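Reviewing the structure listed below.
Chain naming follows the written order as A, B, C and D, and within any one chain the residues start at number 1.
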Amino acid sequence: MTGRRMQVSVIGSGAAHEAVALEVGRRLAERGCVVVTGGLDEVMAWALRGAREAGGTTIAIVPGESHAEANEWADHVVVTGIGHARNLAVAASGEAVIAVGGSWGTLAEIGFAMRLGRPVVVLEGGPAVEGVPRAATPAEAVELVLAAVVSS
Amino acid sequence: MTGRRMQVSVIGSGAAHEAVALEVGRRLAERGCVVVTGGLDEVMAWALRGAREAGGTTIAIVPGESHAEANEWADHVVVTGIGHARNLAVAASGEAVIAVGGSWGTLAEIGFAMRLGRPVVVLEGGPAVEGVPRAATPAEAVELVLAAVVSS
Amino acid sequence: MTGRRMQVSVIGSGAAHEAVALEVGRRLAERGCVVVTGGLDEVMAWALRGAREAGGTTIAIVPGESHAEANEWADHVVVTGIGHARNLAVAASGEAVIAVGGSWGTLAEIGFAMRLGRPVVVLEGGPAVEGVPRAATPAEAVELVLAAVVSS
Amino acid sequence: MTGRRMQVSVIGSGAAHEAVALEVGRRLAERGCVVVTGGLDEVMAWALRGAREAGGTTIAIVPGESHAEANEWADHVVVTGIGHARNLAVAASGEAVIAVGGSWGTLAEIGFAMRLGRPVVVLEGGPAVEGVPRAATPAEAVELVLAAVVSS
């Protein structure tokens, strides 16, 4: 037992979803989780901000070649240099994944997360994907993924 | 002008879809396209077989570290060593993309292809994704993607 | 200013170099750096152990698809799923890079780190690469890379 | 037996090495090999040109997200979208690898090729790496790698 804290990846995009992302990040941190995102703007920034403001730890996995690409809410920055392929690392690095809004890149991340057997929950407003559970609220999404990790 | 032939990626999986994949590959080759797949079995093999049997050229982009991983219908094997992240290369290497059946990995490829602006057509039986055109037959799928490339 | 701590990647391999890796990790943590490695055994484990035992924070960037692949000294695990291509992420995620021992994978990481303009120092016993500074001791290596980051 | 032709990757960079790259590409094509490179300029372009002018087949594995990034001598373009990590795919896709000139990216490719057990030969003028065979002329380099593949 290493004492390593559970990691949850928050994926998605869209300025309309920032407030929800903030709450998801905050709730994950309050439950003791490290929050991981793709490290750029919108959902990726606000989820980290929510976690940070709640005293949590945050990790940005960015697509480019510079630490400066990460938003200011990242405690740690993983610089992948592999462009959109970093979506695999974002999906895989979560012991569970929550989608907040999002578009095509988010769909790729959902595909990868499901392929790797990570529990995934899509918040209402995110992409509709057959076979992927949905949640109506950040609280419900967080409880669903935590329960799924514990039972897996 | 290099005379380079158009490349179309065929994505998907499922033994139930092999006959359709064979026809898609054949029709693409008959239209002068090079057929690209992820290079393994099922849809990835039968699309290459269809193209090869019609006199076309085939490319396998495999996830592992060995040429031997590719199916026997590959004329050329690109060994990526990057696991599921090679799905990005499969999607990106097509100037258009046709999905035949498929599961989570296919969803990731559709997400990437749409993100990169590649024309995508999903054959009936493949994943339902809002905003992605569908086709009822291999002939229709091939004509749709060729028309989309020409007009793009 | 985010207050993000400087990240230094320690690369290399070889059981003979574990004690040196331990000291490099410890010294980096004592200087306030987060230590990043490829997350597996030998040098990758002992550098994280040294940092952890000195109260530092550690990040493992692993090649496979599971958090369980990381050694027990990792506080955070980035699961890339991209095999040896994760060497790019290891090199890029350091604001500086120190090589301790190592073989062909280490050479790839040195190449990437230099290509991206990261300061690199190779400890005696590591690969001889023309144009890459060397250090005789962990203390010297740590001071060299910290000075290089500050002046860059 | 698929009849697939042997693939040899030519890596390196530097305008000073273009004439040598041209000859390496030509000789590989004359020996029936498909020539693979990173698909951009200098050595990557001239090796493909040499192969093409000798009637051979050429493959460009490019780092960006567009087919247009490849040089005009590429018969087939694999669009990886993974930046410098495509160096792994270039190294791995060759059943043998020849380095012509080159700098840090080439060093990464040599590291990966050796790590994966691909026969590698560096032409004089390329990076000096302990444990990697060297050749004085394109003819010698081509014969060395072909012999190494046959005996492996």
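Note that a residue touches a chain if its C-beta (ideal position, glycine included) is under 8 Å from a C-beta of that chain, and two chains touch if they have at least 3 such contacts.
What you see is a predicted model, and the numbers here were worked out from it, not measured in a lab.
Chemist: Where centres are the averaged C-alpha coordinates, which chain has the largest centre distance to subunit D?
Modeler: A
Chemist: Is it true that over half of the residue numbers where subunit A touches subunit D are used by both copies, so same, or is it different?
Modeler: Homomeric contact, same residues on both sides for the most part.
Chemist: So the centre of each chain is just the mean of its C-alpha atoms; given that, what is the distance between subunit A and subunit C in Å?
Modeler: 26
Chemist: Distance-wise, how many Å sit between the C-alpha centres of subunit A and subunit D, to the nearest whole number?
Modeler: 39
Chemist: Just how far, in Å, is the C-alpha centre of subunit D from the one of subunit C?
Modeler: 30
Chemist: For subunit B, jot down the residues that touch at least 2 other chains.
Modeler: Residue numbers touching two or more other chains: 65, 81-85, 88, 112, 116.
Chemist: Taking the touch rule as given, give the residues of subunit D at its contact with subunit B in the complex, in rising order.
Modeler: Spelled out, the residues of subunit D in touch with subunit B are 2, 4-5, 7, 34, 36, 57, 59, 61, 65, 67, 72-82, 85, 88-89, 92-93, 95, 112, 116.
Chemist: Hey, which residues of subunit A end up touching subunit B in the complex?
Modeler: 82-85, 87-88, 103-112, 114-116, 127-130
Chemist: Can you tell me which positions in subunit A touch subunit D when the two form their complex?
Modeler: Per the touch definition, subunit A meets subunit D at residues 65, 81-85.
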